[in-house]
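As written, the chains take the letters A, B, C and D, and residue 1 is the first residue of each chain.
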Amino acid sequence: MNATWIIARKEITDALKNKLFLIILGMLLILTVVSVVLGAYQVRVALDNYTNAIEFLKSLGKTELPPMPNLNPISASKGFVNYIGMLGALLAMILGNYAIVKERRSGTLKLILSRKVFRDTLLNGKLLGNLTLFAGISLLAAAITFISVGAIGNVALSAGDAARMGLFFLMSFLYMAFFLVLGITFAVMVGNGNKALLLTVIMWLVLAFVFPQIGNTMDMDNQLPGGFFASMGMTKDQQTKVLVNFKFYETLRDSIEEMSPTKHYERVSFALLNVKPGFEKNTPMEVLGLKWINVLGLTAPTIILWLIAYMGFLRREDIYQT
Amino acid sequence: MRVTKVIGAFMVLGLIVCLTPFTPSALAAGSSTTELSANYLTIPGGESIARIMVENKDSKAHHYNLEATGLPEGFKAYFTLQGKGIKGLDLSASEKRIAELHLNTPLKATQDYGLIKVKSSRDDGLETLMSVSFTVNHDFSLEITNQIKKLETLNGKSLSFDIAVTNTGNKELKDLGLKAELPYKWTLDKLTPEKLSLKPGENGAFRVTISIPPSQGSGNSILKIKSFNGAVASQEISIPVTVTATAGYAWWVIGLVLVVGIVTIIYFRKNVRR
Amino acid sequence: MLVTDKLTKRYADFTAVEDLNLTVRKGAIFGFLGHNGAGKTTTLSMLTTLLLPTGGKASIAGLDVVKDNFKVRSLLGYLPESVMLYGDLTAAENLSFFGKLSGVEKVEVRIDEVLGLLGFMDWKDKKVKTFSKGMRQRIGIAQAILHKPKVLFLDEPTSGLDPQGTKDMRDLLLMLNREWGTTIFMNTHLLSEVTKVCTDIGIISKGKLLLADSIKNLEQRFPEAKSLEEIYFKIEGGDRSEAGIHHSL
Amino acid sequence: MKQVFIIASKEFKAAFKDRVFLVITALFLLLSIISVYIGSSTKNAEIKAYLDIVALLKAQGATSFPVSPQLFPLAILQNIIDYVSIIGAVLAVFLGFDAFSGERENGTLKLLLVRPLYRDQLVTGKLLGGGLVIGVLLCVTLVFNTLLFSIVSGLTPTFNELSRLLVFITLAFVYMMIFYIVTLFVSIKTGDRTFGFLTMMVVWVFVSFVIPQLADSQRSFAYALNATAQTVTQMPSDTVISKGIEMFSPAVQFQNVGKDLLQVVSETAAMNVFDILSRQVLSLFYMLVPGAIFLLASYRAVQKEDVT
């Protein structure tokens, strides 16, 4: 058997014995069920409400009926975006960190590296094993979602919706993969396992909360909403004048947001799940085509981090320290 | 070519409500004798609102069904109470409330004058009738035309398109402006001409230039545009715009990945131990 | 000075120490012998008030370790088996912190005294995380004797030390006993150490005390034995010698 | 009492020597400063834009002007509520996660407990030390941001505003201490500090995100049908279940009270501090209960601890 695969299999069995991993995984799955069930139920209620409202309008003789509010069945997993964003990322960071640190603590890293194994093969095996694990988690969550939406929401998913949902779970997988690699890279680069974990978590805070928060704070939507201009009846000259003042902020804000894989994940997911309006009429592949930059923003950092981990691991001499 | 035929209103909705006599027409259910009548102005394709008071003169609570009868062909009517559609209302003893009758005039209405009856029927069978008359004003009417099915552009760029307007009324319309409701952070850069005056039957066009902020992600948005002056407003037309994000950022990222990749390969070549 | 009466520590599934009766006289250097897992550390933990006994009594200088635990703690000094201390603090900062907690007056002066005694002044302002095992052990001793304790408890004080370190530690203990009159209670599995330092010994196996006496008395009781080692294996059950306990001699 | 101070002062010094802690502290300060600076300057721009329009309208001879936008100066600081409730909580976790398990792994716990020091004094000392760190941090944030705000916006805070700020900082302190206390408890209970830390991260994710999210999904959406405007709008309103779920999240309670205090909610923006506090007494109660429970539990757990 191939060395990569041997290591990968060991990773999977290790994770399935890890108490914390199992606890968080359990929570994630329970939350998935809860959020999907609640979401599906809400879709149903909303649908009933809307139908009633339409009936009423029709009976009043109205011919121009309000458009269907945003109650597409696949947005049932809207809450899931957040849970994966939080717990999935946490889970990925823990596994990534443990993958390296546990070998160093138990001294087994020396034993492995003194065998007929290339250092990059070891890393590949670790990555492969953990990715398989997360692919499994994504599939499981997807299965739960499909079943619940069908059973509770009482809405049949169209092929397009199912494809969108599938793509969304693919994006979730990519998102978790990023944090997995982040955990591994920090564990490789920082000698002290504990410190590496803390740094990984700080990095997570920065990417998933601080950057989007700064983006929000600096967003004029919040400070000078479109409504402001309108209510003031501003002329366009005045508008542009005010806006020019914010041009610098706007660029800075934008670049900060672009650095956050969380933001990219959110953008693709919300478009796929129709949480963000404006993509209802597109086919799933069109959505991806429109959002390809975000998919890139989600995967590119993973690849870069991974290459850095390669280079770092190859050079590390203090790998034998605990 | 898609033409959204919309006729402007002489009196916009809110204005009608304001001008309506503050003593609403009373539909004094319970006393069958009273029959008041008021005259309302309306325009083809527009909606006017009549305020109707329903009073319960009984000492018991009752439910009242409301119905508008005698509508000319093509006309539609419905009732609302505090903005919500109703078919009837409940009144406790001696209570009175004001409902609104919405009258929709069809675009092709030819008559100048009409009369409808509002009937309230109490749950114990008591019925009351009230007349509401209306005058259709054919003087002012504005049509807005949009030749564009869909616009496509890149973020950070600006976009120009034409909006045509036609005066379909009997009088001249002066100082027509254009109001565009844009997505957040989009700006209206230029509007030529700023104002437009149209004689009856005359056509005119606005050239609109808007700019899309660089931070706008890929996706579909909708512009809502209408033309108006102090007296008339056309209805709103919607133009879908598909924005594609410029790939500048993407090239940087791809470039970075390539650089790191090459560095890694060189690194591996130079290191003996793997 | 130190008396235990049927001292017992029971856990849910096993008994670590059972009915331990022990007396250590004032000024003695008591070596508590036993192989790994015999119950030495558990006994030491109970005596230093870290663990609550599940049965029996123990007292130090007439003070009960449970009832008067607080007073007992101001009498004793303790060196755990592998002492780490606060890695980010310097030697002096560590000592100052622990000294203050022990209620030492003029702690800075005492630190200099003790470090001088240990020949450790050069490392006073270095961070502890940069120290070797032997240096850490010395700074560990420093924190234990900073407040001139009446009784000093040591858990395997020489484990992991090189020959020079072991000798220094021995000399230090003898000096403390001689100059300050400190009673010393040390856990060890090294017989060689016991022979060179201790005045009294106790042997514990599987939680039970097998023997406790002064070295002098033992020599009289086992006149035929050539060494302490022989006595130990005789009492502890000679079969263990084949299991390899002598490797630690 | 002396013993308590010795421990507290050591904790205090140790925190500011810890590089990881310093990084996250810097992050916290940086964020709050950015948000205040941007908040103040956009408010300025807003006011200026309004004045420009009024001037223009006057020049055109108009007699009626648009209403001045409602400006509540403290609302500029509103982002700090989020920072405290998210980053502040993590900060408390970072501060406390190895307070006990770290001592245990180091072996210094033994050294502490063989000294004439009551075990509860140890807990009190740790709490005091952590409290000092959090307190200093919040005070620096407050002073710095108030100054910055005054400089950028040119406004001096009134008495009401100052008292609101003070109460808010106190509340933020209490909130962060709750996290510190729970972390301390976990640290006493778990042997492995990494495990303890991750456990607290899970708790944090739940309190700050999952519970609010779950509660949000349980709000009932009234579908208001507006026939005139031909729209169907969703109006979220609290339900018993959503309220019930939120009870378990001190973060939500903190945000509720914080928003009132920092004039984010216009209805309460003019009230005095006491009215706000009495209005929010239930939120305060829900927030404090877990803190109190874990405080007692921590003292109990330390007494029971067997050090081997």
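Throughout what follows, contacts are C-beta pairs under 8 Å (C-beta built on N, C-alpha and C of every residue); 3 or more make two chains touch, one makes a residue touch a chain.
Keep in mind the model is a prediction, meaning the values are calculated, not measured.
K.L.:
If every chain is reduced to the average of its C-alpha atoms, which one ends up farthest from chain A?
P.N.:
Result for max centroid distance from chain A is chain C.
K.L.:
Using the touch rule from the top, point out the two chains with the most contacting C-beta pairs.
P.N.:
Looking at every pair of chains, the most contacts join A-D.
K.L.:
Which integer distance in Å separates the CA centroid of chain A from that of chain D?
P.N.:
So the centroids are 26 Å from each other.
K.L.:
Rounded to a whole Å, what is the gap between the Cα centroids of chain A and chain B?
P.N.:
39
K.L.:
I'd like to verify one number: the distance from the centre of chain A to the centre of chain C, where each centre is the average of its C-alpha atoms, in whole angstrom.
P.N.:
55
K.L.:
Let me have the rounded angstrom distance from the C-alpha centre of chain C over to the C-alpha centre of chain D, please.
P.N.:
For chain C versus chain D, the centre distance works out to 48 Å.
K.L.:
Give me the residues of chain A that touch two or more other chains.
P.N.:
56-57, 60, 62, 220
K.L.:
Send over the residues of chain D in touch with two or more other chains.
P.N.:
Residues 225, 227 of chain D touch two or more partner chains.
K.L.:
Where does chain B touch two or more other chains at once, residue-wise?
P.N.:
Expected reply: 78, 85.
K.L.:
So in the complex, which bits of chain B are touching chain A?
P.N.:
76-79, 85, 87, 104, 182-185, 187-191, 213-215, 217-222, 242, 244-245, 247, 249-250, 253-254, 256-257, 260-261, 263-264, 267-268, 271, 273-274
K.L.:
In their shared complex, at which residues does chain A touch chain D?
P.N.:
Those in contact with chain D are residues 20, 23-24, 27, 31, 34-35, 38-39, 42, 46, 49-50, 53, 56-57, 60, 62, 64-66, 69, 79, 82-83, 86-87, 90, 94, 193-195, 197-199, 201-202, 205-206, 209-210, 213-214, 217-218, 220, 223-224, 228, 231-235, 238, 242, 245-246, 249.
K.L.:
Taking the touch rule as given, give the residues of chain C at its contact with chain D in the complex, in rising order.
P.N.:
41-42, 45, 48-52, 70-71, 73-74, 76-78, 80, 82-89, 97-98, 100-103, 143, 153
K.L.:
For the complex, which residues does chain A have touching chain B?
P.N.:
Where chain A meets chain B, its residues are 56-57, 59-63, 118-120, 220-221, 225-226, 236, 239-240, 243, 250-251, 253-254, 257-258, 267, 271, 276, 278-279, 281-282, 290-294, 296-297, 300, 303-304, 307-308, 310-311, 314-315.
K.L.:
Sort out for me which residues of chain D touch chain C in the complex.
P.N.:
It comes out as residues 3, 6-7, 10, 14, 17-18, 105-108, 110-118, 306-308.
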